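Per-chain residue numbering starts at 1, and chain names A, B, C, D, E and F are given in the order in which the chains are listed.
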Amino acid sequence: MRILLINPNTSAFVTEACADVARRHVAPGTDIVAVTASRGVPIIGCRTENAIGAAMTVELAAEHAEGCDAVVLAVSFDSGLAAVRELLAIPVVGMSEAAMLTACLLGGRFAYLTFGSRAVPLYEELIQSYGLGRRSAGVIALPMLSPAELRDPARVAPPLLQAVGRAVEERGAESVVLGGAVFAGLADRLKPQSPVPLIDGIAAAVRMAAMLAATGFAKPRAGSYRHPTKKPIAGMADGIARLYGRLPEA
Amino acid sequence: MRILLINPNTSAFVTEACADVARRHVAPGTDIVAVTASRGVPIIGCRTENAIGAAMTVELAAEHAEGCDAVVLAVSFDSGLAAVRELLAIPVVGMSEAAMLTACLLGGRFAYLTFGSRAVPLYEELIQSYGLGRRSAGVIALPMLSPAELRDPARVAPPLLQAVGRAVEERGAESVVLGGAVFAGLADRLKPQSPVPLIDGIAAAVRMAAMLAATGFAKPRAGSYRHPTKKPIAGMADGIARLYGRLPEA
Amino acid sequence: MRILLINPNTSAFVTEACADVARRHVAPGTDIVAVTASRGVPIIGCRTENAIGAAMTVELAAEHAEGCDAVVLAVSFDSGLAAVRELLAIPVVGMSEAAMLTACLLGGRFAYLTFGSRAVPLYEELIQSYGLGRRSAGVIALPMLSPAELRDPARVAPPLLQAVGRAVEERGAESVVLGGAVFAGLADRLKPQSPVPLIDGIAAAVRMAAMLAATGFAKPRAGSYRHPTKKPIAGMADGIARLYGRLPEA
Amino acid sequence: MRILLINPNTSAFVTEACADVARRHVAPGTDIVAVTASRGVPIIGCRTENAIGAAMTVELAAEHAEGCDAVVLAVSFDSGLAAVRELLAIPVVGMSEAAMLTACLLGGRFAYLTFGSRAVPLYEELIQSYGLGRRSAGVIALPMLSPAELRDPARVAPPLLQAVGRAVEERGAESVVLGGAVFAGLADRLKPQSPVPLIDGIAAAVRMAAMLAATGFAKPRAGSYRHPTKKPIAGMADGIARLYGRLPEA
Amino acid sequence: MRILLINPNTSAFVTEACADVARRHVAPGTDIVAVTASRGVPIIGCRTENAIGAAMTVELAAEHAEGCDAVVLAVSFDSGLAAVRELLAIPVVGMSEAAMLTACLLGGRFAYLTFGSRAVPLYEELIQSYGLGRRSAGVIALPMLSPAELRDPARVAPPLLQAVGRAVEERGAESVVLGGAVFAGLADRLKPQSPVPLIDGIAAAVRMAAMLAATGFAKPRAGSYRHPTKKPIAGMADGIARLYGRLPEA
Amino acid sequence: MRILLINPNTSAFVTEACADVARRHVAPGTDIVAVTASRGVPIIGCRTENAIGAAMTVELAAEHAEGCDAVVLAVSFDSGLAAVRELLAIPVVGMSEAAMLTACLLGGRFAYLTFGSRAVPLYEELIQSYGLGRRSAGVIALPMLSPAELRDPARVAPPLLQAVGRAVEERGAESVVLGGAVFAGLADRLKPQSPVPLIDGIAAAVRMAAMLAATGFAKPRAGSYRHPTKKPIAGMADGIARLYGRLPEA
């Protein structure tokens, strides 16, 4: 099996960190093909960048999906998820979506943890867009750290575990989603110290993507996730143009 | 006052039709500056095209907003609305959003009318994303018509008025949103025959945009709609690069 | 254009303050006709007074709407809104409703600010009744001030701006509705000091009423907002009796 | 025990029918004191009349509640319920509210039956205002009948039972609320023929009012249902003026 | 009238305390038949015990309901409520359900009070399962007390009244449900000191059960609360086997 | 890996059918240990049987979980899911829960298909209990078939595919959950003929259970899914008594 991992940010080090986690969570023989955006911002952090990132996800998916069995989005806003799910014939899973659905499987309500308060409403809207508001115990913002600090577990662990504790005590969270590609790998390292499950979005997403691919769901032939219909498309990246050229007539 | 009307589709005739309606609904002396995407599809009709269109909206807004007092999105999915609202310092209004909020002002629940069933879930999700599910009487799909048929009122009016009747009788709709740029101008023409108000998204949006601009709301300095923070941005259109260059530091 | 501004309280000074704000927010040539209840309480502050006020709104509307193009309710509970919207053939807008819908146009969730905790549940129920619960960041009560204090900006500004700050920090509010006729005019004065938009209900309502009137929506001929049917009515004020006398047969 | 039954309509025959049902559902020794509005309309049927009726309910309650142990509102819109509940120190129960809560006690979702489609949105909004949307299987309108027809069981029973059947089959209703004072007494007569429980609002309300009175809940001293505070009140009916004169200072 | 009070816990002293309260809240001549589980745990405190308790409720109901007119569940999780309501032909009322619906009748939102934080999510889910989320002001956990402490009013009253105060001030609660059989009788004792109504689940449940029995609702013949259909049943307690033997064929 | 598959019904042929499907959906080397209830009913079909079945699930889990890595519930009501998830230290997944979450991963709203209308409200309540109401396109009942008919694909396929078609056309379903152990294996056989994905609950559940077990989530030490606390337990099956004997003190 071959899983395409798309990072619509321009930060290759994030892609690498996510791919590492992904490789630890797939069966032997499954390849992770990781791609990084060449245009856009290093780390998507607001609505503008999310819109740009979503289009970049579509572009990267169209370019690289051929020969893959499933796609994982390595961006905590799941930017472009619904679009790519519609465009391709293979399963597509977002890292936040997968983490939240994994939390559902563990029971009760989950807290969603992020760095910096700016994006809190975006995550709340993401949760609502998945219809999972009733399962959410809230989005919790840790103080923003620098990239260097984020890579230092000794620096990250204390505030993170404290936030987990508060999520459990004050909000009744029964699990905690570590939302964001920057958290990749942290859940495995910190879980012995957490009173409730910590969920890594990349781990959840590659496992769910593999599961869907192995189950074998055919591309829908009806509804809003069936293939787009063929139409003239102008000025798009080669991959998109090529895919559109092969689409069925309306 | 100068209002920028953005059509992230590549169909100039749609832009023209919308601009015509817009001009009929602004005060004398207000200019409508209408722009059309040079890349993308003629008419956005699915999730993929919506993601592409949202990025195109951001690009067009960044390129053309300077010197304008407000922005109106002339696309029924309001593609890129939240992003542009965040990016710019002037009010930004989507045509479907404005139509629905106008419906709220008229009282009761509104039906949302569209051509073709494929996009029904997209409009339902749009309504949910605005938190307006409780005001919705449902999204109703008319059979898809060709562009030529759409421009012929004698062809469009009968099925449309019949759908309005059913929305009122069967779903308790107290108003009907004519969702989609292709409907631009139809509401004015058909309203004498409709038992409940018909709402034109473009008319609603330019009026609301003008109202916000005239009231004079300052750009938020906090929250998720404040300006993005400056960061390296690569490979983006000139307008976006220029705007990002001027953003405040984090 | 002529807009009827109804204050179903007996406090003429509140009517005046609201009419002043209204006049600053209409186009030249638009008249504001402001009327005050002769019966009832000085300031509606509870459910009983809200019920009495709603009937008073109906009475004042029936008496004074003739020759007007739209109605604005200058009472933060929008007392009697749905009734008058049904009774008259012209647009009717409530000040809280308009402020909340304006907040929706600015994006994200709004906080609703009021003086005194007693009415907090009433405002929460009002928000729910408009189906806007998902857009609300909560109703926040400032300590009650005396009428004299309320008219002293130096006294009102500090606690109000502090509450705005907390609404943004703790509740993720992206705008703040200053709910209540007593706030009329404050938004304009305090907005330079607020990190997010402050919304004045009267300003929002007159602008939206003018917009609806200018768009030209016909009175519904179906649904629950069409005219009441003629029936014997006893002991009502002259205006209501007169209107009922002209209603269509069932 | 003495229960005040308030009909804010001017139709004495409706008051009588409701009082009859009420008397069959109270313990021996409990008196039903039934009062009818002297002003307003014969049967409240729309939003305007509901607003007028609510104020009338307040007036009648203030005038007649002294010496009573509980109040029942004999009007299907529960017009004025929250206001009177706040104003008086004794329990106040609305007939639709009581019927719906009784339906909850029987399990599953209830259908709400009414005559004529005009008021369907009003009942839907009433259900929402009680926070009972999730328990509702919908509001179903029977064709409107004349008062004479309504009093003829042979005329009413067939369409009503047919509607009950459809509510069960098509909407999954597990009980049916006969909404409206005009239905008073019908539930008892038709229940042998119904596959699911039929709920009479008056029967439910007097039983619940008696239950609350017997349990002995004190008037709240905090929150939004405590007594209004004393304030100048002008031009109100004697009963209201008298009650306001006795209220506590703020 | 004869009301069966089922305690699916094995603590006879809880059954006694509940039966005492029940007897104070029924009309003269009404018998309370109280039964206690012989298998299970002393006090249900978690999901496992709730599942076991629900089956025990079914068993006790099947064994003891014959000759009774209604059933009350004396367990704060209402364990087995829907099952017994379906199985028997008489009304069945849960103590938490009845307390919450009584709170609805008093107006506004209720807080639900319990000892120990572990079960807070269970009560939140219970409230949701009744579709009453919009009426809830939250579930509040008091520090866990020992059984001996729980029986000492001087020990229980101070933290409880303090929690009531906070529920009113911080959460806008307009009434407080004392959730749990261990609270039985406390509401009557503490109500003079509470600013808002305190609701005793047992008192509410027996009154509502008596009300339903007196109204006389027939067993549904359609829907999901009609009798189960006859089928082979193995290894069940005698009462259940006997009831199943008498059920109608599918 | 060893997965315990629990059928709390007494029908061994259902267990076998489910175990067959399960074995086709696990990795080589994973064992499926399938157990059937010795007490209860052949097929759970109502609320009473669901309550009995839930307790049976707890009993079977306590008896057989030792040495297993995860548990799957082979009953469409997921009877006892939350209880067993709390009681054991290994992942527990219900077949309906897993099918619905898989549907979420495919995008849009799912229809839930079942045989016979009686249980429709139970499935609706199950969906609500998972907080997935916004993702549901409704529960659809096929006419009830006999066990023999259910095992004949030629008999089952036509009505089932017709129902799928209607779910897509009329309700906007983008996938269909085949709810119920009786459907086990049908999805694989019918999927070439379905326009949208058909989801088999057993396949979904074993895959998700394996995924959770492989990820390695520790038993929560806080919240409502941590182990129950030790307490005297009477009259329970050996497995439960044994587990309770090993629980930690409160």
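Note that in this section contacts are C-beta pairs under 8 Å (C-beta built on N, C-alpha and C of every residue); 3 or more make two chains touch, one makes a residue touch a chain.
Since this is a predicted model, take the numbers as computed values, not measurements.
The most distant chain from subunit A is D, comparing centres defined as mean Cα coordinates. Both copies, subunit A and subunit B, contribute mostly matching positions to the interface they share, with over half of the numbers common to the two. Subunit A and subunit F have CA centres that are 27 Å apart.
Listed for subunit C are residues 82, 85-86, 108, 120-121, 128, 134, 172, 174, 223-225, each touching two or more other chains. Interfaces, counted as pairs of touching chains, are A-B, A-C, A-E, A-F, B-C, B-D, B-F, C-D, C-E, D-E, D-F, E-F.
Here subunit A touches subunit B in the complex through residues 10, 38-43, 45-52, 54-58, 80, 82-87, 118-122, 125, 128-129, 223-226, 228-229, 231-236, 240, going by the rule given at the top. Per the touch definition, subunit C reaches subunit E in the complex via residues 120-121, 124, 128. For subunit F in complex with subunit A, the touching residues are 25, 27, 82, 85-86, 91, 93, 97-98, 101-102, 104-108, 130-135, 168, 172-175, 191-192, 195-197, 203-204, 207-208, 211-212, 214-215, 217-218, 220-225.
Those residues of subunit A whose C-beta lies close enough to touch subunit E in the complex are 108-109, 134, 172, 174.
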